[in-house]
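One structure is given below, represented as structure tokens, and several questions about it will come after.
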Amino acid sequence: MAANINNQMLEAILAQVRPLLGQGKVADYIPALASVNGNKLGIAIRTVDGQHFQAGDATERFSIQSISKVLSLVAAMRQYDEDEIWQRVGKDPSGQPFNSLLQLEIEQGKPRNPFINAGALVVCDMLQSRLSAPRQRMLEIVRQLSGVSDIAYDAAVARSEFEHSARNAAIAWLMKSFGNFHNDVPTVLQNYFHYCALKMNCVELADTFLFLAAQGYAPHLSEPVVTSMQARQVNALMATSGMYQSAGEFAWRVGLPAKSGVGGGVVAIVPHEMAIAVWSPELDETGNSLAGVAVLERLSLKLGRSVY
Amino acid sequence: MAANINNQMLEAILAQVRPLLGQGKVADYIPALASVNGNKLGIAIRTVDGQHFQAGDATERFSIQSISKVLSLVAAMRQYDEDEIWQRVGKDPSGQPFNSLLQLEIEQGKPRNPFINAGALVVCDMLQSRLSAPRQRMLEIVRQLSGVSDIAYDAAVARSEFEHSARNAAIAWLMKSFGNFHNDVPTVLQNYFHYCALKMNCVELADTFLFLAAQGYAPHLSEPVVTSMQARQVNALMATSGMYQSAGEFAWRVGLPAKSGVGGGVVAIVPHEMAIAVWSPELDETGNSLAGVAVLERLSLKLGRSVY
Amino acid sequence: MAANINNQMLEAILAQVRPLLGQGKVADYIPALASVNGNKLGIAIRTVDGQHFQAGDATERFSIQSISKVLSLVAAMRQYDEDEIWQRVGKDPSGQPFNSLLQLEIEQGKPRNPFINAGALVVCDMLQSRLSAPRQRMLEIVRQLSGVSDIAYDAAVARSEFEHSARNAAIAWLMKSFGNFHNDVPTVLQNYFHYCALKMNCVELADTFLFLAAQGYAPHLSEPVVTSMQARQVNALMATSGMYQSAGEFAWRVGLPAKSGVGGGVVAIVPHEMAIAVWSPELDETGNSLAGVAVLERLSLKLGRSVY
Amino acid sequence: MAANINNQMLEAILAQVRPLLGQGKVADYIPALASVNGNKLGIAIRTVDGQHFQAGDATERFSIQSISKVLSLVAAMRQYDEDEIWQRVGKDPSGQPFNSLLQLEIEQGKPRNPFINAGALVVCDMLQSRLSAPRQRMLEIVRQLSGVSDIAYDAAVARSEFEHSARNAAIAWLMKSFGNFHNDVPTVLQNYFHYCALKMNCVELADTFLFLAAQGYAPHLSEPVVTSMQARQVNALMATSGMYQSAGEFAWRVGLPAKSGVGGGVVAIVPHEMAIAVWSPELDETGNSLAGVAVLERLSLKLGRSVY
């Protein structure tokens, strides 16, 4: 199985994709993101058998944004029974923009899945109910999974998000009106925005998410992060709802479970083989990294590693 | 890789699932489907290395209904350039019921994907534009792929569907109003309903769909059905949009690209390994075979064959 | 009460409004309407005490389009018991564009009111069920009410509408799928488009609609057209749903029950006093005659004749 | 014109309607409203020529709820230029439930009209921007208009509303996300809920709203409350959007500009003649007083005083 990956191959793919830089648009809904240099492009791969590969801006940290939604879900899966989670949030694609209230109103405050904002807010609400210090706990998880002790929140980004939080506040209050949000809205929003403001680089992300490729095991930890079945389930959710509204298009082009963030990061999983993290800040019109997706498309083709 | 499948194992799974019979509801929107015996349960598997397995009512034919949407898409992919197809129909999950007009109106007559009714109708409209006898052509394709020369349309079902076609007519006319439907509406509806009324059994379905597990090749045919990339792409579409509104739930539970029909059939693909067809007429509330999905869930677990 | 109307006053209002010509847009969804001269402006008033006033292009005929929806409703109210009508169509503003399917799908095929396309199609379906020759019957009604024997359908407009009828066909089929449409779709569409294609001038319209100002009585007919209560009810419907999506804006500016058509005509009622018809083909963005509404606004102010 | 009203006639109408008591449902979304005795029925009329009539529970105070939306709009019309108001809130019927977020999201945070919750919240936001003490100011207005100095807020109701304010908070935050809400959300919600919690009886309401029947003049005040044109405009808004989703049905049955509240009150205006206030706490399924509307229907018929 061992795919013939090496750093030169990754460099070559980056070179092929680099002409796309300039065709997307850096997220600009908050100043702290708008100021990011759109020209960045990086990739890192960590395989289950211990190899590391990387190319480009793989060690420069960026705001992981919605990639954190996978981490908060995993944290919740470790705190709650399966039923407790899935009676409050669904598992199916939404077919709507990630921050829509429309479907949420029609479906009585139950978000379609944990990777749209509403769903992630419910998950954060659940963490707030069970954890004494949810922000500190998330840092511990990420530091433990990545093996990097100085991973931290970007306080400026978190503050900036909170100052522009009206839409997410509306979502949280709407869920509260349906009884599907239990804690103080600003407190949970603060946690949510801090998770989004985690600052990590591609290498750290590939290391952190390796357990999803390795049936729940992080190689350097004695205890599994989640069960083998749970790792499979999280991958399934990423495959159907991980790329905002273009899950189908991404499955068609790339064919890997993946989660993106508006910071330009994308994490993709080749089950049983490897975790991949790419970063390029310019987004396409669906909110996914334009060059990042193109890198994954070429890599998947090169390695013959679509899951389909 | 060869999974340890055998007929006894399949029999055992059917036995475990059989208690679910009685908990679903046979499709009753047309009399010809409502009269089917809900007690049926069958499975057939065809592997890329030439093995056949089966259990239960695997040789009794039923109405394949929306499973035909994969076949009509494949037929269109053989007649049209990629761009010609995908400018008229999308690739993403709809998040709406399969026969909804709502999204279609908002999105100006372009259906979200080819596996909802609107999308399949556009595909049939495309076939009508290029094929001199679209119904005869489909029969040839199915007979060729399955190697069974007497596969035919159930005329009573097709007629019954046409007599209850108001909703699909509304969908077709709405697309016509947006310029995304070119041929005579009743003619295309007739083709569409005939495709849905194909009568096949599990063995025939597993044989017919094997090419999607075999990188586009049907073992007994000299020419590939589609390219390797196209097979991967169709599987990706099935994984994200093949199970009506519960693509995410199905990915979570089963983890295989699949397409279901309201006749109670489900075809699932284990890429590079096998095609699976199950049948049980009673449906869950999302329109998928209740027992059929349960069979696939157990089989996937037993074989360790989720793609995620 | 007798308002101090005279033709000079009407001429003066037209002169004040004429600068607006050129700021709207003639309906262009069918060629037969697109070719109308946008520069036309006319008004006619008929009072319950027998006076006539007119100015501008008051005797030039145009396509009355949706103004006919009031006439078909009145025809249905003469054929059906109240309950039979209102179980199939509602009485409330839709808040949606006149040709929307969205609300119709959510509300199970029952249109919000008889003045949106869906509602008028249900009314035409009802007429088709009870009248042996619905098109001939409508001509008789209009000729009788107006006292003008050569009022006729514009065959070119009716044909053109039918050739562009996909949207209305979708609406009819959607209602059929919910059991709220009983007759052959193309037949009813043909009736509907003929009603829309009635060719009348302002004078004829004011005469025809006078009965709504006169408690159901047309002065030259021995029998009341509708009861006094029914006249009041039709006026109420016009006041809340007669001006497409801008019923509220129109009530605010003009304050009279009214019905507009995309041919640029508007009929307004001053209960107990007069019927007013204006015509100017250029429409505002809500589909109402831009200059026509402005004429009514000035007239209402001048006469002090808002109902509010 | 003077209608032949007297107290016996009103008593007779109440007697005819009383059998309806028990068929509706008292608002129960907050305890403070749920505990109201559903059996109450009262009416008061104040004419522009100085007469008073009343019957039943006309002097028992109740929570005026959404009737206050007219008062806050009037207060804003006295503080702002016309354009400043209507660029932030529309004038047309919404066609949606009064607390819906759906339309608000689609229409970019601009509410359809000032009588749905979103619209009233924008109006309260405007008052907060201009008035130093908006709650005290509203009390002054109501006391001045009614001539009753002890009208006050029901603190228990206001508190209870605020404790169940999640839905309205979601609405306010959603508008804030679109830039159409400028002040602190909880502060404005507090004002809004206090306005809703005004406690008044039918006599006081008829007196308070008389200026809308009297071209903007309250008989005991030297200054007009609003201009004659503004009174007409507010009446027009009530006629098209005052009765939640059943503005058309109410126009059909009663035919008067009116505004209802979930406390069971309804205020109706006969322009140039009188203001009417009815009260009966049980609501129909659209949220309007079941018996109250029936009283108005009979009264309108008896007096021949539909505006249509």
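By letter and in written order, the chains are A, B, C and D; residue numbering begins at 1 in each of them.
Definition applied: a residue touches a chain if its C-beta (ideal position, glycine included) is under 8 Å from a C-beta of that chain, and two chains touch if they have at least 3 such contacts.
These are the chains along with the protein names UniProt gives them: A, B, C, D = Glutaminase.
Every value quoted in this text rests on a predicted model; they were computed, and no experiment measured them.
J.: Going by average Cα coordinates, which chain is farthest removed from chain A (Glutaminase)?
T.: Between chain A (Glutaminase) and every other chain, the largest centroid distance is to C.
J.: Over half shared or under half: which fits the residue numbers at the contact of copies chain A (Glutaminase) and chain B (Glutaminase), same or different?
T.: Over half of the interface numbering overlaps between copies: same.
J.: Need the CA-centroid distance for the pair chain B (Glutaminase) / chain C (Glutaminase), whole Å please.
T.: Whole-Å distance between the two chain centres: 48.
J.: Between chain A (Glutaminase) and chain B (Glutaminase), tell me the centre distance in angstrom, where each centre is the average of that chain's C-alpha atoms.
T.: 32
J.: Can you work out the whole-Å distance between the CA centroids of chain B (Glutaminase) and chain D (Glutaminase)?
T.: Here chain B (Glutaminase) and chain D (Glutaminase) have centroids separated by 55 Å.
J.: Which residue numbers or ranges of chain D (Glutaminase) touch two or more of the other chains?
T.: none
J.: Name, in rising order, each residue of chain C (Glutaminase) that touches chain B (Glutaminase) in their complex.
T.: 100-102, 105-106, 166-167, 169-174, 176-177, 181, 185
J.: Residues of chain A (Glutaminase) touching chain B (Glutaminase) in their complex?
T.: For chain A (Glutaminase) paired with chain B (Glutaminase), touching residues are 90-96, 103, 112-113, 232-233, 235-237, 239-241, 245-249, 251-252, 255, 257, 269, 271, 306-308.
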